[in-house]
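For reference, the structures are reproduced in the following blocks.
What follows is a pair of complexes built around chain A, which joins chain B in one and chain C in the other.
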Partner chain A sequence: MRDRHLKYVLVLPAILVVFATAVWPLFESLRLSFYFGKLSRPNFPQDFIGLENYTWAFLEEPAFWNSVWVTASYTFYTVVLTTLCALGLALLLAPGGKLRRGVQMLLIIPFAMSPALIGVSFRFMFNPEFGLFDAFFGFVFPPLADISWLSDPTLAFWVCIMADVWGWIPFLTLVLIGGLASIPRDTIEAAQVDGASGWRVLKDVTLPQLAPVLAVVIILKSIFSLKTFDQVYMLTNGGPGTATQTLSHYVYFNGLKYSNIGYSAAVAWLMVIPMIFLTYAYAKFVFRKREA
Partner chain B sequence: MTEARMLSGRRKKQFWGSLHLVLILAAIFVMLIPIIWIAMAAFKTHVDVYQLKLQFTPTLENFKIVFDAPYFLGHKLMNSTIVAFVTVLFAIPIATCAAYSFSRFRLRGETMMLVMILATQFVPAVVIVLPFFVMFRDLGILDTRLGLILVNLAIVMPFAIWMIKGFIDGIPIDTEEAALVDGSTRIQVIRNIVLPMAAPGLVTAGIFCFIIAWNEFLFALILTSKDAVTLPIGLALFKAEEGDLWNLLAAAGIIIMVPMFVLALIIQKHFVQGMTMGAVR
Partner chain C sequence: MAGISLKNITKSWGAFVGVDNQSLEVHDKEFLVLLGPSGCGKTTTMRMIAGLEDPTSGEILIGERIVNDDLPKDRDIAMVFQNYGLYPHMTVFDNIAYPLKVRGTPKSEIAPRVNKAAEQVELTEFLHRKPKALSGGQRQRVALARAIVRTPQVFLMDEPLSNLDAKLRVTMRAELKHLSHQMQITTVYVTHDQIEAMTLADRIAVMKSGRIQQLGTPEEIYNDPANLFVASFIGSPAMNLIHGTVKDGQFITAGGRDVMKAGKGNRDNIVLGVRPEDLSIVDAGTGDFDVPVYAFENTGESVLVTGQFGKQRITAKGGRHVRKEIDEVVGIKADPDHIYMFDAKGGGRLDL
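Up next is the complex of A and B:
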């Protein structure tokens, strides 16, 4: 076969798989979102209702707005905290040395851990009777000894954030270490010779050059934060009440627990919209690298 | 005066040096503590786990219990292994063909296809799973490994294609061209030159995809109920009436995470590359 045809034949199976497993369900979900569909009845979906699922979410469902708010603040805090912690750790490790190789190896480990298991382990550590963190905080600040972390709406939210930040710091740190390593040493050394303080070197030389990598990291982390499900499901299951109910969890709950597929497809599609912008931004970075 | 200043400068350096070390050690400690805590609980007895003991007599009893009735973790272990393995078995050859073509040829709509593949990675899993749930219910393949393998391809393929493309991009094109001039066909070139050279990369991509499929949670939660339940979903078994059975949860946790740690350490250098799909190097 000629290359002219072969090159398309080679791509075809992959494109078909991607179409069948991602593109088709994406648009099928969009179609379902215009229907009223109760899974419990046969001949699903039943009635075309236009935009009613969407208006229902916007106008009649405080729980929807609650999960929008939870997801937005969750994304904000996890992105900011994870990026800052990872940047700090990456700067600590940047000079290299014996420790760095070891630490880099250790950093791989939490990242290979299933997010569901991260949720379980944090629930374990914040158990009010025999949790490790609980005992630690109780020891440092005795008034905190009797707090049951996961039954308080605000504290449960922050425990979820801690678990998320813990799980993502290693990956972001590894990416940022790579970014720092690719900054030419001489620009930093030149600034140091000129007598710039450590802080000035960081602010005026290192960070501007790290900006593209930081942007990639922030976009990627935002995408994964917006999708959060596994950890929250295992850690608080959205509770107490709906205090930690992210959008993914809300969709899961409505679709599978109340078998309201049409409605949950509509909410799921509302989640796709911010993803489109983030993906566009991400793709720009990927292809800028390719052309360079 | 200058001497005193130099001395204080050296002190300052020493101070920052030790602070640096302390901070790194603190970070390591924070990173490892949840893992160590789980690992310790897995070897504690039912009584010890409810106390904050650092010293205890380790026992393997928990691992025995989780594999026995009524938990049968062995069955979930088998499901997880088969699902992840077969997913990789399908994904890697398909991805390799596509990656070779993207790497070596100019295709019409190439950028569009690559962006589409990249974008599928960012679609929330809940969006994908709803139509599959309806379809699988109608086809009667809910709660089967086959169904789970099909949807797992959705999350694994984009990583596989981008990662393998990165590896093939790194292979010099000269040998291939020489072989083509000598009269080899393109298929022969791929089989005899590209595949052997890309083999380590294919193994790396395979391991990476295996880890992702193994840790996958949402699809398995929604699409399985009894027969095809995988390990991460199996964790929910240990919620009992009287509260969570932490020592058993921890033992199951060890079984889920230790194999992945080993695999992740094998491919550690490429982990970041895989996750960012070429956006950073």
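Up next is the complex of A and C:
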């Protein structure tokens, strides 16, 4: 009898920690999203206002729609670019690929860096006075010398994307290398003998067999891109203006800068909607039953 | 239609030599089997012909053309892989059609040709299925159909039957033989199974450590082995190999007890080889020598009698009605035309 209950006692601390740090804040934020809650005023949360925070975001706040748009395009570009770059690298680095040893080690470095650190280093590199990029472009292509990358809305957006793509390529490359390694070599060689060119082997044989892994990569990257915060915070802090303000950043700004906790909780819960779809798709791909 | 010639082909990975300065001519329309134990370089040799592996040195010709620098797709070959190499995401039809599609065959021609190939390997009813819904034997047929859907210059088959169960292997072997007779296309076939080699081949190349040990018809390989390795590799049950010396036309076993008439002159370090089927079991005292029975095995179609021969053992094959008891003394008589002598050190065949 002791043993049967002991296991529950043993996992209890872990359950309590998870509850306190994840489950409770989650439901608390859901509760707060129905309140007018300003942290800076007494009697927080002040008034129950039902769905008003949500309707406010949808109907009255261009800034919300701006960050939806920023997040959507940011997600789209980073997913496409990261996946393509990672696929290319994986094809080169996979067993039988053209590059291998050494380069693989080098690849880990960006992945080992924290996103905030990536943000800081890219901010330095793009500094208009003493940044690496400025010096580099000034040397190679003088007309680009005096561009202040981070104060132009479009350029700042693309610098954010570049930093993000750079940071995420390694992990996704490793995942894809694993996927490529599990494709039977026989099938690729059979296609070569059957008369397919390198490009056709890739298109007809390699990619279709890589598709499930590729799907997982795209979904994972979409999830990570949707919730991008720390990099943007360090690199541009959402600026110039709100040009690079992602939803996470918008939530942070409203909640912690303007202390509109109720409203930012509501926006955070709006972000859950696409996440649920992506998580569902991810689970479907990862845990789907293998047909024998 | 074309022959294949390998000219001084070497393949090495660092210090390891997979194929060692090997030359080989495969004649037009010939069915040549590369036979040998695993790691002997037979698959490597075939992969170099296919272009999946680049030789370290030497020349490969298909027909009159040097193909060293040609990609596999440009060599006009078809290959059957050990694990079949079927495209798992395509139906059987698309698998078979693939070589035609990538080579730009007109659409109207593809379907009839795929159907004809499928018919030849009795696959017609499975064309809409995916490979994973097929049995091992059926997958094998798809791989075969994909190879014969075109008329390539050369067929390459890399242990195509080794993943099938024993019974199916025998059936497929016969079908393969029939098919290759119909197609009349130069074929190189890799196997470690000597029975496959014997039954399918026009000529066999027995390989070991990256070198061809002997090249000849199945009869030559079986009846006239060039060295100890070929003698021991071919035949089931394996050839008896008995160490001893020859003295004045008498073979004396290493144990020094048993003596039989064989060879001539004097020579040490001899291995005498004789196949179980070239030995007959006779009454004690009437054969070349007598041995006590060590083991008696009945396989149904024949019996195997193993006797203690000096410090070594010798196995003889007898008719299926022979019955012997362990420790019973029997006579063994050898067919003098099928006794082989080898040098125990170098393994070479001796003319004694």
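Here is the rule we go by: the second predicted complex is superposed on the first by the 262 of 292 C-alpha atoms of A that agree within 3 Å, B and C clash if a C-alpha of one lies under 4 Å from a C-alpha of the other, contacts with A are read in each partner's own complex, and residues count from 1 in each chain.
Heads up, the rule we're going with is that a contact is a pair of C-beta atoms (placed from the backbone, for glycine too) under 8 Å apart; a residue touches a chain by one contact, two chains touch by 3 or more.
Computed from a predicted model, the values in this text were never measured in an experiment.
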Combined model on chain A where chain B meets chain C, clash or fit: fit
Of chain B and chain C, the chain that contacts the larger number of chain A residues: B
Contacts of A:Gly195 with chain B and chain C, given as first, second, both or neither: second
Partner chain in contact with A:Leu117 - chain B first, chain C second, else both or neither: first
Touching partner for A:Val79 - first (chain B), second (chain C), both, neither: neither
First (chain B), second (chain C), both or neither touched by A:Gln209: second
Partner chain in contact with A:Leu32 - chain B first, chain C second, else both or neither: first
Chain B and chain C, minimum CA distance [Å, superposed model]: 5
Contact residues of chain A, present in both the chain B and the chain C interface: none
Chain C - residues contacting chain A, complex: 50-52, 71-73, 75, 77-79, 81-89, 98-99, 102-103, 132, 146, 156
Residues on chain B engaged by chain A in the complex (per definition of touch): 20-21, 23-24, 27-28, 30-35, 37-38, 41, 49-52, 94-95, 97-98, 100-102, 104-105, 107, 111, 113, 115-120, 122-134, 137, 150-151, 153-154, 157-158, 161, 186-187, 211, 214-215, 217-218, 221-222, 232-233, 235, 244, 246, 249-250, 253, 256-257, 260-261, 263-265, 268, 271-272, 275-281
Residues of chain A defined as touching chain B within the complex: 1, 3, 6-8, 10-11, 13-15, 17-18, 21-26, 28-29, 32, 39, 44, 89, 92-93, 99, 103-118, 120-125, 127, 129-130, 132, 135, 166, 169-171, 174-175, 178-179, 182, 213, 216-217, 220, 223, 226-227, 229-230, 233-234, 248, 251-252, 255-256, 261, 264-265, 268-269, 271-272, 275, 278-279, 282-283, 285-287, 289-290
List of chain A residues in touch with chain C within their complex: 184, 186-187, 189-197, 200, 204-205, 208-209, 211, 291-292
